[in-house]
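In order of appearance the chains are A, B, C and D, and numbering begins at 1 in each one.
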Amino acid sequence: MIDKFRTDPAVALAPIPSGSCIAVGGFGSSGRPDTLLDALCDLDRRDLHVVVNNVGSDFTGIGRLLAEGRIRRLTASFPVLPEFYDVYFAGNVELELIPQGTLAERLRAGGAGIPAFYTPSGAGTMLADGTFPLGYDASGDVAACMPERERREFGGREHVLEYGIVADFALVKACQGDRRGNLRFRLSARNFNPLAAMSGRYTFAEVEHVVEAGELGPDDIHLPGVFVDEVLLASAESPRQPAYSVIPGATS
Amino acid sequence: MIDKFRTDPAVALAPIPSGSCIAVGGFGSSGRPDTLLDALCDLDRRDLHVVVNNVGSDFTGIGRLLAEGRIRRLTASFPVLPEFYDVYFAGNVELELIPQGTLAERLRAGGAGIPAFYTPSGAGTMLADGTFPLGYDASGDVAACMPERERREFGGREHVLEYGIVADFALVKACQGDRRGNLRFRLSARNFNPLAAMSGRYTFAEVEHVVEAGELGPDDIHLPGVFVDEVLLASAESPRQPAYSVIPGATS
Amino acid sequence: MTQATAPVAVGGRSRDGIAARLAADLKDGYVVNLGVGIPLLIPKHIPAGVEVILHAENGVFGLGPPAPAGQEDPDLTDAGKQPVTLITGAAIVDSAMSFAVVRGGHLDVTVLGALQVSARGDLANWYVPGKNPAVGGAMDLVAGAREVWATMEHVDRAGRPKIVPECTFPLTGCGVVTRVYTDLAVFHVIDGQLVLKECAPGVDPDVIRERTAASYVEDLG
Amino acid sequence: MTQATAPVAVGGRSRDGIAARLAADLKDGYVVNLGVGIPLLIPKHIPAGVEVILHAENGVFGLGPPAPAGQEDPDLTDAGKQPVTLITGAAIVDSAMSFAVVRGGHLDVTVLGALQVSARGDLANWYVPGKNPAVGGAMDLVAGAREVWATMEHVDRAGRPKIVPECTFPLTGCGVVTRVYTDLAVFHVIDGQLVLKECAPGVDPDVIRERTAASYVEDLG
């Protein structure tokens, strides 16, 4: 019988070695797998390449990984946290800055067996022309730049070649999950979670609610269990959500 | 107020000219927009480039377009209908034969602003090397072949370059739709419908059930209304579905 | 801070006035993405009877007003991570689908703040060198939306023109801007050329000319 | 039809026997796509206690048995357009996601019928020149699945070997086959080289050699 449920995050994540590339879901703290990120910190993993849309605004979640010096490279669109930049400019972490839509598409592509695709996003900018500093050295000079993107015209317009991202592992969060790994997300906490899950060669999902197989209808599953390897219950410390508001008839 | 509901298929589809490229949802007769396809035939449109996974097994739906000689080119993975091949070998319709996964991805890519992507599917086969007959002449000789695909290695493996498909129009079928064009599909009738809808510059959806805005929860919409321009009620002649069977505990 | 070098007041629109002027150009049924700054003032100025679907790049189609105090839901935020509400009939998608909409040309308008706009519609709005770089969805939005409307003060706090022959700040996109709404004027970009379409009430075309570094055509008909 | 040239019977497995032998190699938790022909005989032979998720390329993860008479649902078919059922906890996706799973290497095994398999694991199974061409998902499946298991009679109806030095029929994929299950034998493809791993009960290795045109290594340990 297929049973992807696991109970102990420390045991589950133990096979993740230092140095891994890890795709993480969430947009700020919304839909971020804090239970798994905390377990990774507690396991003292270091030298990580973290692929995530943003760091968030405090020292929880990705911010904790950063504060504890566990990140070697961040691939993101919107780091935000000022302390991240201190570490970046000091030469202690690399930043691969990627347009948000390109990042989402690269994660999906990696999971979908598409090694590369062309996009107009970023064409003609310093995120494509090889001048954006990937990292600094200790004296504050640029040590390396992000690679220049291959360019090609389609329909008379310049596009850049972007590569699919296949992460060694993925950490994601969902609202509900069953023993087969089928996941359902809630509202805008969905965001990058299905894409990070697709990108991971081995994917861990924390869920707010463990459900029986069949409780999620076949048309109500946002991500089929084939992309998920292990399912854990989110820590009770994770914030629980109240009912969201629909403003009837409001248009803005 | 946004109201994408239309009542008369003949009036709605009248702006589709002969010669158009039309993406159509469905897998065989499952999820195929027969109400819209019948309207297109009744409007006597001809010389169409139809992008659809398969023709089906009879002269309804795509089969009717074919029987009435309205198709100039078919882009598909699995034509099936023997009469299609009679017309193909007689030089009266072109066939662009595409691996099914590539076809799905090309429709999605066209709708997603990805002009081209690389895939391993079809690499090293006659669907990629420029030898598959696109069409025949009246004497039964090959008049033209499908273009040879650009090749490129990624990870030591050969891939081919495939282009996004942007169709002039799309015809799709859903189970439910609201006035904003939000759609929800039912079971395996979903198939190519969301992708055809994305690919269309202008998309018509026929739905089995018209619902109020808000009746479909925000997490229960399979395709956001932004991809849909007009929504029509499927003809009552379309088959209605009984409840499907779940075999508890069955594993095969 | 820079009072000594601040520009002489010449009238023109307030930030709310810019938002209201732009909102008047939104059409019923438009799907619109709003950036931070002046764009966030737009919703309250959308004309009655005009239904606009507001898109948040984190996957919301149909943003409502900010969440009332005490009803914030951590699972429902906008692209600025602020708790929001939904309109009836809103749809949620994942980030790849959100940007499939954007990149695929299914967004009618994206309204963005700008550091600079060039004579041919180049946009710089994501990065001030020396500060902390972050791009978010800006490059996807300008590459994909059918219309890119830049909103900004006509000159910066030091009085320097922000509509310039060539952007000196790093570009967000090349030739992407289709309209510019400032406190002084409305420009359209037509065939790669800036065209002055409107002066704000009480603002003389000469005032615009002296505060605009880029060349442009006048079409105030 | 071709009785006159039919091969001499040499024992070996029936079609159901091939399916049962292959089914014994499926592991608990595998996600498996089954083609038409012999592969469709596999479900009834899956060992007790082994839970396998059957994938249909039209977007089903968790196919159940064919729909009972009178309970067919036109909205629920398999890739062969036959009415099916779902197992408890099945998931439905669209065709792009269905093939994202396939192409992305998330399918454990695809089991396909074959016209020919070459010495290095090339597969031909989609098209007999002169007949009606249709490809479906075959090229995606062989390109993407972790394992590609070909099932077929060892020789064709005329007695000609189907395991050949080079495929003469048009290829479905190059070097994609990882195992071959026939009425006579089980081969694995290891480092681009066919390896005979098993003879069917009562079948002598010499019989396999004379009915196999491709060179291969024997590893019957």
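Definition applied: contacts are C-beta pairs under 8 Å (C-beta built on N, C-alpha and C of every residue); 3 or more make two chains touch, one makes a residue touch a chain.
These numbers come from a predicted model, not from an experiment.
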Please identify which chain has its centre, taken as the mean of its CA atoms, farthest from the centre of chain C. D
Selected pair, greater C-beta contact count between A-C and B-C: A-C
What is the distance in Å between the mean C-alpha positions of chain A and chain B? 33
How big is the gap, in whole Å, between where the Cα atoms of chain A centre and where those of chain D centre? 36
Inter-chain centre distance, chain A versus chain C - centres from mean C-alpha coordinates, in Å: 28
Junction residues of chain D - those touching two or more other chains: 51, 60, 86, 88, 90, 92-93, 99-100, 102-103, 143-144
Can you tell me which residues of chain B touch two or more of the remaining chains? 105, 108, 112-114, 119-120, 185-187, 190, 214, 218-219, 222, 246, 248
Pairs of chains found to touch, sorted by chain label: A-B, A-C, A-D, B-C, B-D
What does chain C use to touch chain A in their complex? 42-44, 46, 50-52, 54, 56-60, 63-65, 67-68, 71-78, 81, 85-88, 90, 92-96, 98-100, 102-103, 127, 132-140, 143-144, 170-174
How about chain B: which of its residues touch chain C in the complex? 1-2, 108, 110-114, 178-180, 182, 198, 213-214, 216, 218-219, 221, 224-227
So, in the complex, the side of chain B touching chain A is made of residues 105, 109, 112-120, 154-155, 159, 184-187, 190, 214, 218-220, 222, 246, 248
Name, in rising order, each residue of chain D that touches chain A in their complex. 28-29, 31, 49, 51, 53, 55, 60-62, 86, 88-93, 97, 99-107, 143-144
Could you please specify the touching residues of chain A with respect to chain C in the complex? 27-31, 53, 57, 77-80, 82, 85, 95, 97-102, 104-105, 107-108, 119-127, 132, 158, 175, 185-195, 222, 239, 241-252
